[in-house]
Amino acid sequence: MTSVTVWNEYRHEREDEEVAEVYPEGIHEVIAGFLGDRGFETRTATLDDPEHGLTESVLDGTDVLTWWGHEAHDEVADEVVERVRERVLGGMGLVVLHSGHFSKIFKRLMGTTCDLKYRERGETERLWVVEPGHPIADGIDEYVEVPEAEMYGERFDVPAPETLVFTSWFEGGEVFRSGCCYRRGAGKVFYFRPGHETYPIYRQPEIQRVVGNAVEWAAPVDGPEPSFGRSDPPEGA
Amino acid sequence: MTSVTVWNEYRHEREDEEVAEVYPEGIHEVIAGFLGDRGFETRTATLDDPEHGLTESVLDGTDVLTWWGHEAHDEVADEVVERVRERVLGGMGLVVLHSGHFSKIFKRLMGTTCDLKYRERGETERLWVVEPGHPIADGIDEYVEVPEAEMYGERFDVPAPETLVFTSWFEGGEVFRSGCCYRRGAGKVFYFRPGHETYPIYRQPEIQRVVGNAVEWAAPVDGPEPSFGRSDPPEGA
Amino acid sequence: MTSVTVWNEYRHEREDEEVAEVYPEGIHEVIAGFLGDRGFETRTATLDDPEHGLTESVLDGTDVLTWWGHEAHDEVADEVVERVRERVLGGMGLVVLHSGHFSKIFKRLMGTTCDLKYRERGETERLWVVEPGHPIADGIDEYVEVPEAEMYGERFDVPAPETLVFTSWFEGGEVFRSGCCYRRGAGKVFYFRPGHETYPIYRQPEIQRVVGNAVEWAAPVDGPEPSFGRSDPPEGA
Amino acid sequence: MTSVTVWNEYRHEREDEEVAEVYPEGIHEVIAGFLGDRGFETRTATLDDPEHGLTESVLDGTDVLTWWGHEAHDEVADEVVERVRERVLGGMGLVVLHSGHFSKIFKRLMGTTCDLKYRERGETERLWVVEPGHPIADGIDEYVEVPEAEMYGERFDVPAPETLVFTSWFEGGEVFRSGCCYRRGAGKVFYFRPGHETYPIYRQPEIQRVVGNAVEWAAPVDGPEPSFGRSDPPEGA
């Protein structure tokens, strides 16, 4: 059974009444809830836990990590970021959500600024499936409509994804590559755009479906562990 | 100097008054005109020319072929399609414009249906540059706005492009991968969406710039001509 | 349960004693055997069956089709090729084996010649995993060694794969992209190089493992069925 | 005219007699020499120059930077690495050579370990062109043979390149993705494998040709400078 650790910054929900009304239990609990309903083994971890809840032992038991952060990216310790990165390179899946585009871990794995345009006016977002045969689009219609969303617009400064699954349309005139698959080392990384803290987007069944699909897609496989460094020739061995 | 052959179906302009007003000289003359102004050596060819104007000798002198067709794709002889395909695989560039998505040559090179959604209501299109460092985006702003366009919407049934340069936003709510780079054999193929016959889109300087950039990008290089078939081993040779 | 149809030309085994000794039951029976052992529901189909065994009703019940052909590619009816192609575009998986690189269906889906270099001298092939986190590499070591193989060498005239999983080394000095993932329409296509008819390569457990992994990877998902053609705008609908 | 800065660690040549015999003038002088002969404007910079020779003003005048380093990657100041990275993201080309795979700048831009297998036994390397239509293969035969090379073998722990131009074969039984194109931000990055310090590889005309082609390919284009951050909607503006 795939084991998921749901990480959340968990500040907005405690500090901002508007957010607390949408996610009184914290975004992590909502995500862990619907992932658990789908049959994944879940646990949660937040910024203010010791080691941000991402100890070696927690990561030992984690197949896929989901990441939601926004206002406190800088408070995530570099040591923990490096620890998570090593796990991803070793095969752990990583699903980066919404404002997690600016998290240290995502920027570190991408190598770029991961910057973008944004605007908060409760605009309609329509996520079009551009790759209907991809497992992350399983059970999804031609598009997912989010009635009120923060806008994220291109240029999204990331390396081109290996597979682009969703592209978003926004009311105000922008587009965005909103579902992006990457491989880094032996690990798979999925960036999924929706999820602003002031809208109940993670309570939307299609969004839950995509996040669950992404977890399944990102789960580790039992591939070879490459050896590196000085090597004897296989020929004539 | 790069030599361009501008191919046009050239039927709408002769049969439809509305189109004739926009392009009295034919779309091919407009395209050949601005490509010539940029310094390319140009010639034109149309469906009703003998062999559609695409004789072996014309293709011998063609570095890049641009293709506009719409209502008469089926009238293009299979033999000519195959001739063009061989040239592309051999290194000739191909720039497929707008409704050319349904041309025999594009479908043949893609292997898929190349189908899409469409709607003709004179909607605003905004082509966002998603890859600002690509030569086809040279001299272009963050987006190109086409004031009145036919809508093309996803799912666009093509293989994912090697590089996606533009993504379009449409007023009615759709998105589209509107600038797509491919390699087929030794040849480069660029699909560029804008260009409906009832709007003067090819008179728009930014559109002209992109088409010219695409021609430059698609021009052949002097790479190796691969040998195929039974081969002696290079080792111990 | 994933349902696999194993297609084989099935001529060499009946016409050539050397091959008959290696695969007396036919290559298809061997492949269907190990896929069945892995838990897939399997059936076989061969060139000389009516409609090559690929009737609409067989394809209705096929999630993934594997394809081995060599000397009689031309005898496969165009109508059946088109039928299979439509299924792939609609989501059916396709695993193309060895000399299937020159099958009509593979060439049709790729759009290129699919040509390559070859040599038959029983050389060592070593398939290196270049993407260790890919599900097709599950359970595989850093490389798979095939003691005696026909050589296939670059340039392999295909579009660059979306994901390159294996690259082969050959004794005589060549390399080859030997495990290539593609998407075409909603379908997934995997090309896997090993499998010459005069060597018992499909009896090798690692090769069986890769073919089984490929079938799993290529199985259809329940993604959206895109609508095409004239469309009403979702905005203001 | 494209302006190239050739960066070299320049330690081996001064410390190791064997290397000094091969490159008495330093690797940077050899590279700058053949790039200058091709018509590029060149300058050199080395580790022991102030700010490693990579001041803001030098980078202001640099279109493409080539990078050779090996034993002293750690001595490159993080501040200079970050400065170079910002330039690449802003459009400067970067050509990373041989043991530069382990440079801070390459690892930072890739996000992965960039680790690999290696062996120094003077083995034959054969770099096969897998993408004959790519400008970096211009003027090159089907393969480039390096008579004596250090071996680098897969798994090469990098993100899959956007375009793979060369794949290497090594005498001892390994393969390697030896010519890899990436985009990071608006900048292009090319990794090119050959170039061990104890062999006169940069004196080989085909290798010089590839490095020159790579510089040309990596040169900046005049694309849009994306704006980031809070944005007004283009619609209704």
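Things worth noting here:
Note that the chains are named A, B, C and D in the order they appear, and that numbering of residues resets to 1 at the start of each chain.
FYI, contacts are C-beta pairs under 8 Å (C-beta built on N, C-alpha and C of every residue); 3 or more make two chains touch, one makes a residue touch a chain.
Just so it is clear, the structure is predicted and the values come from calculations on it, not from any experiment.
Among the pairs B-C and A-C, the greater number of C-beta contacts is found at B-C. Across the assembly, the mean Cα position most removed from that of subunit C is the one of D. Superposition on CA atoms relates subunit B and subunit D by a rotation of 180 degrees, given as a multiple of 5.
Over half of the residue numbers at the interface between copies subunit A and subunit D are found on both sides, making the touching surfaces mostly the same. Separating the centre of subunit A from that of subunit C, both taken as means of CA atoms, is a distance of 33 Å. Chain contacts: subunit D has residues 126, 129, 131-132, 142, 153-155, 160, 162-163, 171, 173-174, 183, 185, 224, 226-227, 234-235 touching two or more partner chains.
If you sketch which chains touch which, every chain touches every other chain without exception.
On the subunit B side of its complex with subunit C, the touching residues are 85, 89, 108-113, 115-119, 121, 123, 151, 153-155, 157, 159-160, 162, 171-174, 182-185, 224, 226-237.
Within the complex formed with subunit B, the subunit A residues making contact are 126, 128-132, 142, 153-156, 160, 163-164, 167-170, 173-175, 177. Listing the residues of subunit A that touch subunit C in their complex gives 91, 124, 126, 129, 131-135, 137-143, 145, 162-163, 171, 183, 185-188, 220-227, 234-235.
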